[in-house]
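Read the structure below first, then the notes.
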Amino acid sequence: RSADGAYQLRLSGLLQAHGYFFSDDHDDAVSDTFTLRRARLIFQGKLARYFDYFIMPDFGGSSPALIDAYVDVRYQPELSLRVGRFVSPFGLEHIRAAGNISFVERALPDNLVPDRDNGVQLFGELGRGAFEYALAVANGVVDGGTSQNDTSDAKEFVGRIFAHPFQSFGIEPLRGLGIGFAGTYGDQDGALPSYKTSGRQTFFAYRNGVVADGERFRISPQLFYNWDSFSILSEYVLSSQEVAWGGMSDTLENEAWQVALSYVLTGESITYKTMFYPVWGNGMRPRHGFDPLKRNKGPQTEIWAAPFQPSHPWGALEFVARYNRLDVDSKAFPVYADPFSSARSASAWAFGLNWYLSSHFRVTADYEQTDFEGGAASGDRPREKVAQVRFQAAF
Amino acid sequence: RSADGAYQLRLSGLLQAHGYFFSDDHDDAVSDTFTLRRARLIFQGKLARYFDYFIMPDFGGSSPALIDAYVDVRYQPELSLRVGRFVSPFGLEHIRAAGNISFVERALPDNLVPDRDNGVQLFGELGRGAFEYALAVANGVVDGGTSQNDTSDAKEFVGRIFAHPFQSFGIEPLRGLGIGFAGTYGDQDGALPSYKTSGRQTFFAYRNGVVADGERFRISPQLFYNWDSFSILSEYVLSSQEVAWGGMSDTLENEAWQVALSYVLTGESITYKTMFYPVWGNGMRPRHGFDPLKRNKGPQTEIWAAPFQPSHPWGALEFVARYNRLDVDSKAFPVYADPFSSARSASAWAFGLNWYLSSHFRVTADYEQTDFEGGAASGDRPREKVAQVRFQAAF
Amino acid sequence: RSADGAYQLRLSGLLQAHGYFFSDDHDDAVSDTFTLRRARLIFQGKLARYFDYFIMPDFGGSSPALIDAYVDVRYQPELSLRVGRFVSPFGLEHIRAAGNISFVERALPDNLVPDRDNGVQLFGELGRGAFEYALAVANGVVDGGTSQNDTSDAKEFVGRIFAHPFQSFGIEPLRGLGIGFAGTYGDQDGALPSYKTSGRQTFFAYRNGVVADGERFRISPQLFYNWDSFSILSEYVLSSQEVAWGGMSDTLENEAWQVALSYVLTGESITYKTMFYPVWGNGMRPRHGFDPLKRNKGPQTEIWAAPFQPSHPWGALEFVARYNRLDVDSKAFPVYADPFSSARSASAWAFGLNWYLSSHFRVTADYEQTDFEGGAASGDRPREKVAQVRFQAAF
């Protein structure tokens, strides 16, 4: 950091050690495992006041990869330019930083949402976050995919708007209401995606030889609401893609949605920050950081606002629950996907606890149960029951 | 950085987001694409005053890789030792830092130049940069190649000298003249290189089964000249290699050269720094960094020295142009390479603009047109016309 | 580093450039090579006083990989928790930091020792390092292996205790005696390991199709002793694994041991630090850092304690020697391993010099000679003679 703040370099990171444990898995189709889900290092900074850079490799997963790498020109907040590889401005849960999501894994709609792409983005905000927008031109990626190089000349357009219409009004319960809409439009040839459960098991894949062959668009209305220690995240995603196999072709529309609730038992508040100002850390600061040999002091809050107020500093505790569902277009079967190995729908509910020991260290434990229609020779793919644990350091 | 300067650690990096757009590409042989060409992080420092280290991974491209990693023992400037993986001291344009090159991509001679190699290097300078030398023993790499482990006991010797003979004389137009000569000598079995255009399309490759089988040497006379805001970079490279296929063998001599001109329209000066003291940043500091809502002050320079002097601070503007050419040995055809798919020569001209918004942020736009002899079933491979754009942050 | 020390971030690293040169290698079975053995960057720090993180990717070798990534909860020194990927607390030489080992490569017992694994570990120390313990539950890895995801539900248990029983007694020659014991227990299906010499050549591998199929356990008694400038490291490892091929199965017990001696000729002392407080740098601080144009001052020590006391500061010099041996269970042949390509034992002796130019820069030169029983069509695999050189910067 230079003396006048015109030059800065900040090194931060995110480490997520996960454990997945499946119950009722009688035929050992999947293995309980410890894994490093994300081990990200973030090199970001500012050059000559108006130029930001951001480089984030991830060393978790099966091999290291570059997740984000972009430069921003930020001369005026209303109109900025981003060039490089960045999160496609589309999915509500997806553009939330990986260290801030409420569950160990994102929900089923994340399967339909583009991940990272290479391209150019114009973005900005008006009225101190009351309205924000982003418009990108990029290589184009399949549902859930990340781009390296493009394999066609066609580019994908991605746009998103999000507003807090009541942000500057006096009505307290409405101030935290945010609504938005996102869409993509492009043309895709070749690869097609597959879809996974939160236990990271593939439940839907196209047949070998089926390819994307033409127009693809996606739309997503989305909502985030918070009031004190309570919040709701909800989104709907529709992904439409022309596919072809042999001489046949069709337009398939897959859709998914989720509603996720969060209640911080110890009374802290969680807000959803915009994609342009990522929050590092856990996204929440406990009133009392972990140090149980001490005693808490100070006034207690009302019981409805914080039902769990221990006498010693144990950190903050959040209860979360969600319902989420994905439906594959019924026209996909049996030509483009095998009904005996690919399910035509997955619906899941989950609940979990987030224990924030400090604003930078967090433990999450979830249970999620997913039911399928189709996807097995005997009818329905067996229910997946998975307990998931995460230890997270966000520095 | 320790108090006495004996211990230092510096973290820096280079981010290059490129766009490639091909025109007259009627059969869509190549795709227009956005890509991350380089996303490099540099960890360098000093230990106990005399020991330098340098580690530079690159997260751009298709997968992360370690580009440079070496330690230097620098007890006296006349004689230093480098051990590890480092740039082979050979090609003039190649040993210029990737953030300082004048165009989006290096020219055709870069195809014949060794990239990085593992080994040991003695190097030094005399008379404050008036004379510099480097002599390396390394595993040996093919033209344009980078070394991991050696596959043969034979090692490659690489040497380079470079002099600024008029550096301490009073004749101003001659002071910036630098001339040099480089060579390699070794023995190579096995893999052979292929050659690419600046649009990163392969135009020459040996037939399957053709292998390197014996002596390889390269020579390269080179010149860099600058006077005020004008500069010239020129180099010639000859690469000779014994190749074999089936029972036949031959010695093939491929050659390439380039002349590149640069003129800074806003009057700044560009110098070519030696390989031993890499310049980070863009290699050029604009007189007026980007901030167009302000106004420029101060005296204007003469019009011939800086024809473009805007009234508001927009940064610096450089015009560049080059001619470059590569000729494959005619003896390569038709035995060792297929004349219907590999061209026997490529010649290209390019021009471009470099817009330096600050000394650390730069935008480059080039147009390059390459003509081929041979390389297609119908005679000549079609002309390649490519527009290239780079956004670069060097921090 | 925050003002109160509750938050810290430290960036360090390790760079090892190696050269391997084989003599008497008449048929060129292996190639002399320069290579980058390790190029590690270490991002570690402290969050809210009680939470440590550690992320260490390695860019050396054939491709980048994540070596370590874990979080520690360290509320009391007697009982700490580690979650993520970390060194299995088993092998004495293995848990010594890679920058501190006495030779260019670790000895033959390292082939039987688990490397890194994903899981959870409880650990602590009592009496200021007089007694330390670690107990881990992890995915389970083959001998010498590193874990990504588990392929079975079964987990591996790993435990180790180490004590310095005479640490607080007055008898000087006994204070530096440390003894320990380690064991693992688990169940492994599928992959089996292969074993390598210190020249990194595979001398033993199971036949294709032979798999691990059941119980695996390992035990290892271990000893480290140091007195002034003299030290001994010794360990024994037994690895037992149920294997199967076709309809046959058996329990194979492979074993290995080593004794390694170190004598610092310039009189400095080397200690073995516990696994919980890794020593970065070389693990040894020379009395006189490299600066040979100066002169040494101060009193000389007695000749038996430091036989080599140059008049100019050249750094420290250490002589090392070892004997090491690995025996494959004779029941492995000929069913599970081919006696004509896999040796049934390897025994090696080595000596070397470590030149510590500073506490962070070191040059190592070793010679190791390995003899085999079996492993060649003509009887015994030929003796391996390898000279190894390392240049190391640890920052």
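Observations on the structure shown:
Each chain carries a letter (A, B and C) given by its place in the written order, and its residues are counted from 1.
In the analysis below, a contact is a pair of C-beta atoms (placed from the backbone, for glycine too) under 8 Å apart; a residue touches a chain by one contact, two chains touch by 3 or more.
Note that the coordinates shown come from a computational prediction; the quantities given were computed from them, not determined experimentally.
Judged by the touch criterion defined above, the protein chains are all mutually in contact, each touching every other.
Of all residue numbers that take part in the contact between chain B and chain C, under half occur on both sides, making this a different-residue interface. Between chain B and chain C, the centres computed from C-alpha atoms are 40 Å apart. Residue numbers of chain A whose C-beta contacts span two or more other chains: 11, 63-64. Residues 7, 9, 11, 43, 45, 47-51, 53, 55, 57, 63-66, 69-71, 73, 83-85, 118-120, 138-139, 147-153, 155 of chain C are the ones that touch chain A when the two sit in their complex. Interface residues of chain C facing chain B in the complex, by the touch rule stated above, are 11, 13, 15, 17, 19, 25, 28, 31-36, 39, 41, 59-60, 62-64, 289-291, 357-361, 391-393, 395.
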